[in-house]
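Each of the next two complexes has chain A plus one other chain: chain B in the first, chain C in the second.
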Partner chain A sequence: MPGVTLSRWTMSYFAAALAALLGAELLMAAGFGYPRAGLQDPDTLVLVHLAAIGWLSLLMCGALFQFVPVLVAKPLYSNTLPLPTLIALVGGLALLLAGFLRLGGHLTINVPFLPVAGGLLVIGFGLAIWNLGRTLWQARPLPLPARFVLVGLFGLAATVLLGLVFALVLGGTLSLAHFTEVTALGVPIHAVAGLGGWLTLCAMGVSYRLLAMFMLAPEPGTTRTRIALHCGTAALALAVLGGLAAICLDFSRNLALALAGVPALGALGFYGADIAHMYRARKRRRIELNSRMAILALASLAASVLLTLAAIGLGLPDSAVAASVFLVAFGWLSGLGLAKLYKIVAFLTWLECYGPVLGKAPTPRVQDLVTEDRARQWFWLYFAAMWCGTLALLFDAGLIFRVTAAAMALATIGIAAQLVRSRRLVNVKSEMRLPAGASRPRLLLCTSSRA
Partner chain B sequence: MTHFVEVDVRPVLRDGGEPFEQIMGAVAGLAPGDGLRLLATFKPTPLLHVLASRGFSHEAKELAGGDWEVLFTPSDVDWAPEPAGAAAAQDGAWPEPARFLDNRDLDPPEPMVRIMATTAEMAKGEVLAALLCREPLFLFPELAKRGHSWRGAFEPDGTTYKVLVKIGGAAEAA
Partner chain C sequence: MFIQTEAQPNLAKMKFLPGQSVLGEGTLELHDRAEAARSPLAAHLFEIQGVAGVQLGSDFIIVTKNGGEWPHLKPAILGTIMQHFMSGAPILTAPATAAQGDEGELAETIRNALRQVIDPELGYNIVDLGLVYGVAVTADGAATIAMTTTTRGCPATSYLQEGSGEAARAVAGVTDVEVVLTYDPPWQPGMMNDEAKQHFGIVDEGGW
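Let's turn to the complex of A and B:
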């Protein structure tokens, strides 16, 4: 049957992701990891992976299982795989964090956490890539936004495989020369492939469609979008293949990464021009909170480009590298993620609850499921705290950074509470809430009723 | 070897004309197993989808001077003169639409709300025509649950999606 149904486990992915975000923010507020510890210290790695896998990757996987079918107008290849995928990812992440805690001396049990974690994460992400890849494969020729996701999946594969090599080498199971070199020097490539390839390219692809959908803006499909895609692909290939070749052949890794930076700048520039055009050409004049907050995330992306260029100009001091990575992860990716979550949770909940009774009974509008006035303050607190946090990292102000992280945690709780209210239909007037034939959605599961 | 019938719509396009009728006419006139060689001034993406729904695979290449050549090849099994909608293969001609909706400027999911509300007022066998600004992917499962059938495709402009809904059509065909 053509058409797209609700992805059953997407809300569970979102809930697990938000819990991980909150966990990462609380750890930062408690002073765990950077700046108290070094950038590649095991404590910092706990924090980074809790945010990158727990929050951003689970959020992205949950969103892709729901929206890749929308991008390509084909059903998801498997609706049963997302649950085992989630279990493998959460289990793998837990063991990975345990492995880093053991490396950092916080755990003294003698268990080979890292290799097992690596294996589980390869299984989890492998299942996600398989499921999404098969969905894309049956939809060829792919529309442009879906091609961004496809390249993003290659970025994910590269990130995960590099991570597996690190886990095996650090866990003592692998000691071949090239692999040890890759482990010693490959961390920036792993980070670029993850944040830039996997998360940013997928966020770009999905944002094209979601912004067009929720602002009644023209779909991208111009030469500009195409160039953005080609530049992004070239940047990922140069960073991963060029970077690894440089490490194994004793060339300069940083030169390979700098070369990748050129098409990366092009990709972001053309993407920015596309998005600016979509905002200008939108038919809907008054845009909703999610589209307004997405502007702050996009501004953070632009700022992170400038910050990264400045960091390179300054000779890559730790504080500038940390501030850039923080702004990409918590400004651009998290900001966009939270803004879009606010819309899609309400949208999917509306569809699940009221879709079956449309035309049979009066139903509320999607906007009746949210109270933007209440949510707005939490979004502003989040972005303000995150920008102050970036500056605090840049200027090595550890205590201020902890305060801003605490404020981000508070804002995250506020936003999550708004999402729960949408899901529980608390904001809908009681006489409209549950018309005959509608049933209240469960918090963590989407149910697609069948005729 | 597939035999290709050539249709060159470049002159029509250069004169600002609309070649969709001409192309669909040529497609309708193809003998079973024949392919279509289309020459156009741009890559006709919407048409690729339309003909894919009729069982044609395509191979597009850019020619010198920015023109495009697209070879449409019929796949052996799917060749069907009717669009491949939910129930299109089972029932033939549909009646003229009894109701029309232009939902192109509405925020999602308002187009779906209106279509479902209108279909609820219509009699079995009647057809609703609606214009939308994208393929209504979340609508189709709801139509299926209510036993309606539908046909839909992008218009030649590539931005308007036209869907026809036949009330109770799925039950009728079954």
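Let's turn to the complex of A and C:
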């Protein structure tokens, strides 16, 4: 403080993430992976990792490099590390996908893709954890939203280490008994640690601050928020440590995951109550598109909880598991990500372009960089298609699922086009677009280092 | 200048420590505007709605309130104390009233100039949003602006600070500008003026 740095590579992370989202949606539209293939088929794994690492994790890393400093009012530990982190993650993901394609028989080259991919992803995520962890460490005692991110980073570490074990075993490098058992039975733990620990806990932490900022709502700091944090931490620990212990000691893995589900429900319940209070107590009555669309993402989170409970009641059939995971990944996490991206891109572009001339010349508002009427239709298309896609998965309607995935891809292109318009200042009135001293931002790179 | 505040056991009182001598020795309690006539600082403090008493101490000022909430009163009190010390006026007499008037006018001109600085997120000028806690000008035109941001850690902080400095520096008669950032008290929507509240559709008077 006071000068929180504008993260130079954040836009590059966002662009790579959006490309991965579009790629995953197009693959689903083409009928690649589930439901045509099985849940753990290599083709499905291509799809899942393109969405989980390429889209959601790159988006989260880019956002955290920018917003962890905001959460803790301290600068990012290193502004140099995000670039090698991005290169390692994108390279690792490409090799991982190649490894799955080889497992699925689509590639015949005899290259140990999976072990190398595992190594690169460990390096990439390790650098991200180191950079964000050091930033949090220097800001102790941490405010509550930042503690969610801290626990989320533990979830990331667990996910990545499990992924490395899987990659080494599947790649033929590791064959110890416990590791092969973990590879055979540990996929649900890997998924829970990734979607629930890393991505959901971080999304919760960041959403507390962003929703408060954008809606003029009171920041959480109540007992309810603390309980949500403790429940989330307990759920992650139970799922990962309990689940792995159950596998290694030959107990029931599903029982450990079910036990973890109890505090997880508590965490989501208290988080939901917090967020509902923020929306009700907000001072800004007319909220912007990003905050309205976040409601749809939060509704998807609530629906996914009900769907998961129903899936457990039905004995976890593949269709219900797939629908539930799809709703978490593409409804809750992607919906919130796209909604906040719409605001964040305009906000960072404003800082980069108009911050240096503030006080010297009249400047537009952040809201002048966007045209909500134009973007609204694409967001509604995205959520409507995603919800229809969830139902299609639930009822094994493969063709309908492909059509909804194509509609999601179309909506993603529409939203991405709006982001490019914000970045290019197209929506700003020409007389205010480039005051003396302001320079047009580059599409993928933040050229200003101060904010 | 940085003014510390300390809550008191009596919740109607608040101690302000400007970091320099106030009376030097002893204390003086002033209970109304008439008694405060002998102290320009106390007289200005009594102009703030909700201030019911002022106690001047060796290096502190204790303000007693009879209405309103501290988060709403503190910005005005901090601004008044800072303006007083920056003006160089004495604590117990008021000899330089003419000069004080000119400086007050310059401070008001600076406040108007700061209206061209907008908070990018809210899209409204920082003065009417209540982000400017005080503007003080010395006899030789050196201005000090005490301001805050809507949220601690806001990525626009440095730009708002620099932009405010630029806007103030462009005012004729200003020879130097220092922009001091403070989060005591933290900003709340209730600090907006009526026009800004109306713009955002805020109808209540409370903080959160």
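Everything below uses one rule, namely that the second predicted complex is superposed on the first by the 446 of 451 C-alpha atoms of A that agree within 3 Å, B and C clash if a C-alpha of one lies under 4 Å from a C-alpha of the other, contacts with A are read in each partner's own complex, and residues count from 1 in each chain.
By definition in this document, contacts are C-beta pairs under 8 Å (C-beta built on N, C-alpha and C of every residue); 3 or more make two chains touch, one makes a residue touch a chain.
Only a predicted model underlies this, so the values are computations on that prediction, with no experimental measurement involved.
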- Record, for the superposition on chain A, whether partners chain B and chain C clash or fit. clash
- Message: Quick one: is A:Gly221 in contact with chain B, with chain C, with both, or with neither? Answer first, second, both or neither.
- Response: first
- Query: Can A:Pro141 be said to touch chain B (first), chain C (second), both, or neither?
  - Reply: first
- Thinking of the overlay built on chain A, is A:Ala73 touched by chain B (first), by chain C (second), by both, or by neither? both
- Message: Quick check for you: in the superposed arrangement, does A:Arg374 touch first (chain B), second (chain C), both or neither?
- Response: neither
- Message: Between chain B and chain C, whom does A:Met213 touch in the aligned arrangement: first, second, both, or neither?
- Response: both
- Between chain B and chain C, the one with more contact residues on chain A is chain C
- Query: Once the shared chain is lined up, is A:His178 touching chain B (first), chain C (second), both, or neither of them?
  - Reply: neither
- Query: Which of the two partners, first being chain B and second being chain C, lies in contact with A:Arg440: first, second, both, or neither?
  - Reply: neither
- Just which bits of chain A does chain B share with chain C as contact spots? 1-4, 69-70, 73, 212-214, 216, 218, 283-284, 347, 350-351, 355-356, 358-360, 363, 365-366, 450-451
- Mind pulling up the chain A residues that touch chain B in the complex? 1-5, 69-70, 73, 141, 212-214, 216, 218-219, 221, 283-284, 347, 350-351, 355-356, 358-360, 363, 365-366, 448-451
- In their shared complex, chain C is touched by residues of chain A numbered 1-4, 6, 66, 69-74, 209, 212-214, 216-218, 281, 283-286, 347-348, 350-351, 354-356, 358-360, 362-363, 365-368, 450-451
- Query: Taking the complex as given, what residues does chain B use to touch chain A?
  - Reply: 45, 48, 86, 105, 107-110, 112-113, 116-120, 133-135, 137-142, 144-147, 159
- Message: Quick check: in the complex, which residue numbers of chain C touch chain A?
- Response: 116-118, 120-123, 150-167, 170, 181, 189, 200-202, 208
